[in-house]
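Next come two complexes, and both contain chain A; in the first it sits with chain B, in the second with chain C.
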Partner chain A sequence: MRNFQHFNPASLAQATTTLSSKPDAWVIAGGIDLLGEMKNGIIQPGTLVNLKTLPNLDYIKFSESDGLRIGAMATLAKIEAHPDIRKHFTVLSQAAHSVATPQIRNVGTLGGNLCQRPRCWYYRNPAFHCLKKGGKECFSVSGENKYNAILGGGPVFIVHPSDCAPALISLGAEVTVAGPRGKRSMPLEKFFILPTENPLRENRLQAGEVVTEVHVPPFHDAGSSSSAHRSVYLKVKERGAWDFALASAAVSMETNAGMCRSVRVVLGGVAPIPWRCPQAEKTCMGKQIDEALAAEAGKASLAQAVPLGKNDYKVEMAANLIKRALLMCSASSASPR
Partner chain B sequence: MKQRRKIRKQKAHIAFVLNGEPCEVAFAPHKTLLEVLREDLNLTGTKHGCELGECGTCAVLLDGKPVLSCLVLGLDAEGREVTTVEGMQLPEGRLHPLQETFADLGAAQCGYCTPGFLLTALELLAKNPKPTREEIAQALSGNLCRCTGYIKIYEAVELAAAHMRGEKAEVAEEVVYGLKS
Partner chain C sequence: MIDDEKTQKPIPPGQDQEYEESEVNIEGRRVTVRTRKVPPLPDWTKTEIVGQPVPRVDGVDKVTGRAKYTSDVQLPHMLYAIAVRSELPHARIKNISIEKALAHPGVHAVLLPKDVERYIMGNPFAGTLPLLTLEPKYTGEEIAVVAAETELQAEDAARLIQVDYEPLPFVLDPEVSMTDKSPVKFFPEGNFTGGGFGQRKIGQPSVHTRGDLDVGFKEADHIFEETFRTEPQQHACMEVHGTTASWDGDHLTVWESTQGVFGVQEEISRVFTLPMNDVRVIGTHMGGGFGSKGGAGKQTMLAVLMARRTGRPVKMVLSRHEDFMGVYRPASIQHYKVGVKNDGRLTAIEMKSVNAVGAYMSGSMWGNSSPMTQQMYACANVRTEDRAVFTNTPPPGAMRGPSNVQNAWGLEQLMDLIAHKLNMDPIELRMRNDVKVDQVTHQPYHSKGLAECFKLGAEKFHWDEKRLRRNDPASTKKYGVGMASQIWGGGGGPPATAIVKINQDGSINLLTGAADIGTGTRTVMSQICAEELGVAVDRIHVTNADTETTPYTLPSYGSITLASSGPAVRSAANDAKRQLLDLAAGSLGVKPEELSSKDGFIFVTAQPDKRMKFEAAAGAMPERTLVGRGYRGPNPKGQSLNAFGAQFCEVEIDIHSGEVKVLKFVAAHDSGRVINPHTFASQVKGGITMGTGYALSERRLIDKNTGVPVTASLLEYRPPTSLDAPVDIEVYSVDVPYTANNIGAKGVGEPPLIATAPAIANAVYHATGVRVKSNPITPEKIIDGLKSLGGRT
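Up next, the complex of A and B:
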């Protein structure tokens, strides 16, 4: 690793001013992703602005009336184990639990998980000056693309690596970012951008901005006896631990008397952004979900998929994940949430 | 008298608690905790593997929680408690029950992964004195071993846990000698 200045800001304001005044300054949260990029020589920050010493950024607060608020510096270990998250936002605890390894989850933060950089091996390999790094070509197109995008790709074909992002989007989460000109919030879904908008970036953060909070709004009717809210995160990986998703599905559903009243379906590991599946949602709305309908929803979501040659397997895998997750969310209340 | 020159200090200087004792160290600020422990404090029990968070051999306890010292800056140890494998031994140099069972059951072969496993298992047993096999496998899922095939490691953790609970557990004969034909 090259040397750098290490800065512990006294306040969020000081952090954002430093970040916006120094073009080679980077945020360091847990550092799990950032230090890897620095060791591989992909980025060479002149200054690291450390968020770990800022007070009150690692909270997890839940109330029935306000929903869930998580500070950007809350660790994944804390999120996966939180009793309210386990109970009311199962998809999120499962997604956080599925990240990497216990040691990494003790350090990695939610903010870092949402803002982490892609894992495409051409991007991570300093020998390739690829389009994602300002070069001319996305080498995955004609090269090794087993792990690359089947949806929303072009001109770069990375997949967004975050497990928490699809889970949170399925819950309708909002993200708050703070910058030198104050705070702003947006649906987390709108935070991520396709490479057609900017091949060098994965999100809408502007110079000096940091993620401060994620908010999951409360569910309506949670109290009524005939209605139920269930959510689930399913992730396929090559190994039992450690691995990023080959494909994953986050589904969050409200049912009333067995009918699907509202549902969000989001795929991970298949597109440059967490991939919302409106086709699946439309297929299920207002209906009782059975095996045939769930399969149809999965299939419809992948109709637009364009595999690159070595990642065709992801099409069927993602469709099946959607089907399984939908069935799990609509099963009778006796089955696991 | 010769004029003294002003030389800018390049090193970071931190104080923290290392294996139960106060410790101060100066190092280049870009060093990872792994490098500070091995190179500046000469504690080479913590092993240097992939350097990218993939193998777990560099695991140490930071405020009691297992973390990967290759992906934590040395600076982040300031004011905190770090435990390395050197800190596991009991008074009078006796081995910790986990170290004993790892040795007795052949849970270490080349031994390169062992410090990371020991510390991660130490934290597991501190919060869960009677873990199931599945809980052990979960807790140790970030640690790679290329030699043992893991079964002996799980058995060693189970036996150490029994010893630490004060039970007089013994190793099943087939664990050490294999099944009699």
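Up next, the complex of A and C:
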């Protein structure tokens, strides 16, 4: 790791101005992902702009009328344990809980989790000057690609590593970013970009911009006796802790009298962005969810998958996860079998 | 270290009658050494301290951070050294530019291959390794070393060294390397040699053969042909490899994270032609070795040279990334053909193994995976061939249960497969092939508690009941049970010397050269010493693993530490006690042989109230100090000393996700007398945890297109976390009497890892019908396996 300046800005405005004026300035929140990249020599910041000392960026606010607002600096540990999140936004609490280890969740922030860089081992290894780092080749294509993308890949085949992003997209979340020219908001789903748009980046943040807030809107008729909202996050990994998803599924569903009234299905670990599955949603809309329908929804979502040679297993795994998550969210079968 | 040359050293004239020959089995290698005849001590019939769960004597030091490891050593004016490593798996280096690095602030020196070429590590038997090279043969091989005043300066300087490579062809896959298609020729005679400790010849496998395979296969009712594969396993020690070296004039002190300070001392002394009394190696506390720290490392020699060059102490501790580019357990491919009678008796075993051993001869010692096949089950017709195949990968080394761990993955799954086919209890199949004689040496086992392990383990696990349980076909969760068994050495042997010093206040210093590699050596040696002297453990202070202050013992490898050094410690304590009783006899007016020492008192055995305090006797010592010496005597002649065990496990598999969870383990081991149930259980639990990683998640992978390792971190290599280690591990000792040494104990360091992974694989099969023949058993393999079974997922 190279030497660097550590800068505590007095305000968010000063943070974004510094970030946009210095080309080798990087933003640091929890630092979990950033320090790894610095130690591996992937990036060599001259200045780190620290957000930890800025006030009022780590809140978690919930009301029935406004929904959920989370400051970008809220830690994953706070999110997973928050009673309102556990109660109303289970998928998010489960996703935050599934990240890495308790130590990392105590330090890692929501903003950092959404903006973390890919975990592809070619990207993380300084020995490979890969396409993601401005090189010419995505080494995973003919290399060791068991963890790489089966959907939306090309020309790079990373998978987006965030657990919180699929969960939040399934909840219809919006993200707010602040930059030197002020704040702007967009659906979180639109925040992420495919490598065809820019192979070097995973999101729409512009120079000097940082994520400041995530907002989850309230549900339409929470409180109506016949309607229910359930959400779930399922994640498969190769070991019990400190591992990224081989595949994950976030499903958020509103049912009324056992019928699916609205549903969002998002996969993690299978594509360069959190992967929304409209086919699964269409399959379920207006219907009562049973085993056959859930299985069909899962299969339909993966119909376009293009495995790379060593990641075929993800197709079946992701379809299974969608099926199970849908069944868990539907009122008829609340517990997994 | 023991090598062949040394075992043949003549004994000085006139001393022959005091010595005799003894066989020692280290990591499966049998060596004959001469050793002092030691007067036998009576077996301990009833023990007060030995056998008790005494807390670790250094536990508080360790948990408070007070224990000083090699990485903790800080010396005034110390420099930090870092290696420049090859970025390519095979290359010729055309030029190395060091000017920029030398001009970097804080940099003191750079060592290049030409500066160190006269210093060669290793020996002709083991194979040699260059310290630095101009023709790297694997990614990560050392090319140059730079030393600077801070770690950061050294890192920056290492990056400023410009290496110009001419890339050369490379080969990673041993099955390619063995053929004519190999782009690299390692030796004119071929790209493989025999694996293991025997005479190895390039181009020829090492072979064990007995009986007649044709006859055996003709007798068989069933013939099984199967291939199993194992991935390389990395040691991933909590403390990475490292050295701090400091010269004081011509006297060298080296702090080394090592399993054996004397091996390191010998190697330094030989490589640099230094008298041994000028080479002090200290390794009191160290954070795990698992075989990877059996002797000196390249960083040891480079730190010593750099310290000499700069006139400053030099610390060279590898980064975790560098550590992962180094030593490991080699990969294996095991082809089996086995003949079996309807009643389960084995009639023939043919096994051919291919083991990838890196680019240097030194790796070939670890390139065999057949010792269990040769020994474990009664079979008259056996042929094994082990090929150690050269590849452009780092040199492998010993790793906890070398060879047997790989071998058990194949053999113990094969036995399970046969049992299922014959519709027989896997325990019953194993018992039908039980054998009391070591089929390789033709010597009887001194003791073999395997049947007892099966019986006790099966009972505690409720094997009979659990084995017959059926899964709910509608559930996505499947449960299964599996078991496996193991054999290992662990009898220990000479040479080992210990010194027990009694001070005038009755306090005791125990000096032993033995390393405590996290196993609890210091604690169990204190217990042995305390038991023999009849005093409490807290009266004893242990000094260990320091070549200047402690006497020689073999390194802590091959599960030999307890059974090698333990008997020497008892002998030394006994020697000290006899001297003290001689003195006390005068004060108490009796003959020394009428006295006993127990609970801090020396008393007349027949008249216990006629007594004096231990410290009172010590206070009367005319020399104010008393020194007891003890030696490890020979092992019994004509017997094989082995440790046995059986492990049982239960798994839960989610057939949707492919995830495997280990719910329970029951381990029953035959290790002779258990000195400390705490440290015994810790060893077994540690082995099972390590085996769980080997079975389920750990994988070292080198990118096939570039030859660069892509799993060189704790994240990407995936050792088990606390959530992966089985929560419920029950550990049992079968306590079969063992009298081959004066403490009645065998080693338990390596045995607990050997059966773990195949037991899990067998349970996975029992749960799902999927036979996973290559480790690790990842979700991907379960999903693919279920798919090929056509099962519903």
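Here is the rule we go by: the second predicted complex is superposed on the first by the 331 of 337 C-alpha atoms of A that agree within 3 Å, B and C clash if a C-alpha of one lies under 4 Å from a C-alpha of the other, contacts with A are read in each partner's own complex, and residues count from 1 in each chain.
By definition in this document, a contact is a pair of C-beta atoms (placed from the backbone, for glycine too) under 8 Å apart; a residue touches a chain by one contact, two chains touch by 3 or more.
What you see is a predicted model, and the numbers here were worked out from it, not measured in a lab.
**Q** For A:R2, select first, second, both or neither according to whether it touches chain B, chain C, the two together, or no partner.
**A** both
**Q** If you stack the two complexes on chain A, which partner ends up touching A:A127: first (chain B), second (chain C), both, or neither?
**A** Touch partner of A:A127: chain C, not chain B.
**Q** Looking at A:A241, would you say it contacts chain B, chain C, both, or neither? Reply first, second, both or neither.
**A** Both partners, chain B and chain C.
**Q** Using the superposition on chain A described above, determine whether A:G182 touches chain B (first), chain C (second), both, or neither.
**A** neither
**Q** A:I32 in the overlay: touching chain B, chain C, both, or neither? Say first, second, both or neither.
**A** In the superposition, A:I32 contacts chain B only.
**Q** Using the superposition on chain A described above, determine whether A:P23 touches chain B (first), chain C (second), both, or neither.
**A** The answer is neither, since A:P23 touches no partner chain.
**Q** Looking at the overlay, what does A:P83 touch: chain B (first), chain C (second), both, or neither?
**A** After superposition on chain A, A:P83 lies in contact with neither partner.
**Q** A:T101 contacts which: chain B (first), chain C (second), both, neither?
**A** After superposing on A, A:T101 lies in contact with both chain B and chain C.
**Q** With both structures placed on chain A, which of the two partners, chain B or chain C, ends up touching more residues of chain A?
**A** For chain A, the partner with the higher number of touched residues is C.
**Q** A:K52 contacts which: chain B (first), chain C (second), both, neither?
**A** In the superposition, A:K52 contacts chain B only.
**Q** Take the contacts of chain A with chain B and those with chain C, and give the residues found in both.
**A** 1-3, 101, 240-242
**Q** Once bound in the complex, which stretches of chain A touch chain C?
**A** It is residues 1-3, 101, 121-122, 124-125, 127-128, 139, 142-144, 146, 234, 236-243, 246, 312-313, 316-317, 320-321, 323-324, 336-337 of chain A that touch chain C.
**Q** Which residues of chain A touch chain B once you look at their complex with the stated criterion?
**A** Within the complex, chain A contacts chain B at residues 1-6, 28, 30-32, 35-36, 39-40, 50, 52, 77, 100-104, 106-107, 240-242.
**Q** For chain B, which residues count as touching chain A in their complex?
**A** Counting only chain B, the residues touching chain A are 12, 28-30, 32, 51-54, 56, 59, 62, 65-68, 71-73, 75-76, 120, 138-139, 141-143.
**Q** Flag every residue of chain C that touches chain A in the complex, lowest number first.
**A** Of all residues in chain C, those touching chain A are 87, 139, 152, 155-156, 474-477, 656-659, 696-697, 701, 703-706, 708, 710-712, 715-716, 718, 720-724, 776, 778-780, 783-784, 787, 793.
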